[in-house]
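Listed after this line are the structures, all set down as structure tokens.
Here come two complexes built around chain A, the first alongside chain B, the second alongside chain C.
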Partner chain A sequence: MSKYSQVFKLSWDSNFVYRFNFVLLRVRTLISFLAIYFFWVAVFRHNNQVFDYSRASLLTYVVVARFVDTLVFNNNMTGEEIASGNLNNYLIKPVSYLKYWFTRDLGDKLLSLIFFFIELALIMLILRPPLFFPAFLSDWLLFLASIVLAAFMYFYLNFLVNAFTFWYPERGGWPLRFLVTMLLEFLTGGAFPLDILPAQIYAWFKWLPFGYLTYFPAGFYLHKFAGFEVVRIFLTMFVWLAIFYFFTKLAWKKGLKVYGAYGR
Partner chain B sequence: MRFKLYLIYWWKNSALSLQALLASRLSSILFLVGKFARFGLFIGFLLALKRSITDLAGYSFDQLVVFFLIYNLFDLIGQIFYRGIYWFRYEIISGDFDFRLTKPINPLFQILTSYTDFLDIPLLVLVVTMLVINWPHVTLMQNLVFIAVSLLSVLILTAIHILVAAIGVLTTAVEHTIWMFRDLATMARVPVDIYVAPIRIFLTYFIPIGLIFTVPAKVLFNQAASAFLLVAFLLSIGFYLFALRVWRYALRSYASASS
Partner chain C sequence: MSLISVSNLKKYYQVYQKEPGLAGSIRSLFKRKYDTVKAVNDISFTINEGELVGFIGPNGAGKTTTLKVLSGLLYPTSGNVSVLGYTPFDRKPAFQKQFALVMGQKNQLWWDLPALDSFILNKEIYEIPEDQFQRTLKELVTMLDLNDVLKVQVRKLSLGQRMKAELVAALLHSPKVLFLDEPTIGLDVVMQKKIRDFIKGYNQKFKATIILTSHYMDDVKELCDRVIIIDHGKIFFDGKLDQIIKKYADHKILEVVFADPVVKKDFAVIAAAKIKSFEPPKVSFTVKRQYANQVAAKLLTSLNVADLNITEASIEDIIREVFTGRDLS
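Moving on to the complex of A and B:
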């Protein structure tokens, strides 16, 4: 068994060590989803149409956005490891730190995905949301391809944000992560589709990376984009991915030079 | 005399918290920007929604802004004064909680007030200012009832933090429990009345988020019946006593396993 498949297995197993904490984490994920879901149910109680969205399309968006979030976002501990000096443990081993975390991320995501489907089944059974599926195979393909790109984008963005800890190890890099988390909470489109914002603001989101993490992939599911717009979205995603990749590599290269293994 | 002792203890802890903040200025700035961004972006979202719908379940957008401000008011009060709970897990798993028990100050008070979060004060100032500007035209009686209901909100808020501490002692799980409360509390950024009946009932009577965040605002809009306020009063007292009971049970079960 290769070293990374071992990492994958360990990552999977470690989630079950503190089972109660794991259950609470899942409950939290469900609560934050239900908070958004019930908000939109309330909005549609007295309205048949909100902007260009029907009740069915917006509730479908909310569920699909959560599915996208499950596959795109992750929570790695690299900032804490830099700040505590535990990064040493990896630097002396024949493993790539990026590949190590990528593999751990895969293990976490697979588990999250399984629980997402279990929770979705419960939601379907109890709440019966009016979900629909894409009519065209191309929408499925674009949807899945954009999720893969978004997952890579966030992986490198997250590493970049955590690399800040090399220069500012205060609180394990949490202050910058907190700020980024606050921004992502609203600006990715996880709680609402970004095209409900005024046109001038929405135009900005076409240039910024945030919407490409949730809104644009979920938009493919809803068949919101076609023709040249599809090309533009993928091109923008590739450009942002390249930017994040380049700056992550650069930050880690320079960061390792200033790394002093404080705390060891 | 005891009150003075507790006040000095809190003052000393708060001074140390402030010093810690001043020692890490960049962290403080990043946290502040994050907190203001979260606040501003939700207001922005409400304004965006206003372009398509005239009201939300009968509430105008001006009213929704007041509900959101009052949600922030109590959310910030909880975070400013009871931030210490977020670090309580470490004390349990390390056994450091033993030191709290040996001091002549109530351990619950020590845990809850071990850290005063001054970073929430600038946002609190903004929220209070916006509330003053958007304060609806109400009678003196409504203002007095609002103050009374606000005290109940703080009482429930305290009770919830006590319950989290008790669960921490019993299970060593603290972070997820307090964050679960915070996640649930986000549902009260808008009045809990807008939700379907089972959710509304759950958020009012079981985990009384609605009593903390929604009822004070409803008093201002003259939408809280006297009978309901009486029920809210009894529920608040009952919930607080229940939390204290659970805490005492947790303390009896504490085994100091890691020390």
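Moving on to the complex of A and C:
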């Protein structure tokens, strides 16, 4: 296990080498967060109740969604490593590439989390949003458990998307990754709670994996689900996780056979 | 016993062909034409423990592909490969702990961190005990004279320093088998020599089995008793380096410096010799081995010669001729 703790340490260290880039990346996502935040502030200017949401609950939702995103999403460069042939470095060593990246993600996420709380403190001071905490301990537990599951779902989904680079190595698989990122930004519920969509469309989202990456975990915080719905959400997440896991393993197994180990 | 054995190895790639121009691009959106590239086409060889073997061949000959198959990076199209008793593509940790691959044009070191950090990571990855790690590191760093730069960011190292650091990173786990792909590429002659001496020393000291590819004949001449020449994915020659001369060099080189001005017509008397270069007063000829003395005697009697030298064709020349497809036999 110590090999992965060393990976964690180096990943952490290199983020400090890149501290300027890291801060810029945080600023970029902070700006898109602020855009969403002020949009909702404007919507609630003259009403206190929109789509069954109070001003306080919707503003809490967008802040909580940002917290979920910080822990769920990551910046996985495996596609570039496949295209450039840098994957070779890991394939010849007694190290698991999946675990390697998982560890690097953990390092990145811990740092992002620290940044999140600094940003949150500033937002609380300057904007004074009407945030509230869950009323029950069970809400906290469901919230945190669903984030862990969502993080695993996205980890494998991301590996799967990047695995297409084995077959389409041009541009390091960037176009497909970009498309998926754009889709996710819209479909996961980071900008708005998915249940404000028309009921038929929302029904679809219950089957699709996207909402489970942000909306459903954040929903636990707001105590939106109870009883059988909680079970259904966790079951759906497990099923999607199993699907992503299976196809990731399959894609890597097949991909490594067509892998050209390029790069001169 | 043979440590590495390769039999009838083939590695074919599917390469997609795009016609040039916009029309070609649009056509390729709908229908892609694929070509099969036979990077390695049915090669067999065995290598014994402690051997230092040179792979030579022009660009695209299949040298690197072979090394990648031996390292388990590429899945062979067909054939059998065994290294240290393992099938490389299974990528068993027990196998991976016993070999290393160094590519002169690739780096494994973390670009933004000091080399020492990457070394410590490798220590953990290869599960090297602390005392062994310290001992090996000290030994390698001394051999390569690298002490001063261990704590400098890798991106700030010179190419030569980086190559040395790459070698250290690859050798920390004391691999029994070492694949070196162009380890001296882009380095100046002094640094080339240092790396070369290091490889030789490493081979002798640790009885490591080494396969080396290089474009620099000096690397191969100095390091390798045995060479395998690959061209177009096939083994062209496998044996001792000096046998290449015996096998392929059926001619000698006559280097002559004339005392009087000469023109090409003057050489009509020595029909058996072909002019290799004509830079009066220096002229060199290639002559079939058996006529060399005869031609030299004739030159000395019929023309005013200041200096005359008979030499063997150089290995570079022979190999160049082999690769450009000239008939030497």
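Here is the rule we go by: the second predicted complex is superposed on the first by the 262 of 264 C-alpha atoms of A that agree within 3 Å, B and C clash if a C-alpha of one lies under 4 Å from a C-alpha of the other, contacts with A are read in each partner's own complex, and residues count from 1 in each chain.
Everything that follows uses one rule, which is that contacts are C-beta pairs under 8 Å (C-beta built on N, C-alpha and C of every residue); 3 or more make two chains touch, one makes a residue touch a chain.
In this text, all values refer to a predicted model and were calculated from it rather than measured experimentally.
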{"item": "First (chain B), second (chain C), both or neither touched by A:6", "value": "second"}
{"item": "Which superposed partner A:175 touches (first chain B, second chain C, both, neither)", "value": "first"}
{"item": "Partner chain in contact with A:203 - chain B first, chain C second, else both or neither", "value": "neither"}
{"item": "Chain B versus chain C as contact partner of A:94, first or second or both or neither", "value": "second"}
{"item": "Touch count on chain A, higher of chain B and chain C", "value": "B"}
{"item": "Touched partner set for A:47, first chain B, second chain C, both or neither", "value": "first"}
{"item": "Intersection of the chain A residues that touch chain B with those that touch chain C", "value": "none"}
{"item": "In the complex, chain C residues that touch chain A", "value": "13, 64, 68, 71-75, 91, 93, 96-97, 99-101, 103, 105-106, 108, 110, 112-113, 117-118, 120-127, 153"}
{"item": "In the complex, chain A residues that touch chain C", "value": "2-3, 5-7, 10, 13-14, 17-18, 85-86, 88-89, 91-95, 256-257, 259-261, 263-264"}
{"item": "Touch list for chain B against partner chain A, complex", "value": "24, 26-28, 30-31, 33-35, 37-38, 41-42, 45, 48-49, 51-53, 55-58, 171, 173, 176-177, 179-180, 183-184, 186-187, 190, 194-196, 199"}
{"item": "Touch list for chain A against partner chain B, complex", "value": "20-21, 24-25, 27-28, 31-32, 35, 38-39, 41-43, 45-47, 50-51, 168, 170-171, 175-176, 178-179, 181-183, 185-187, 191-192, 196-198"}
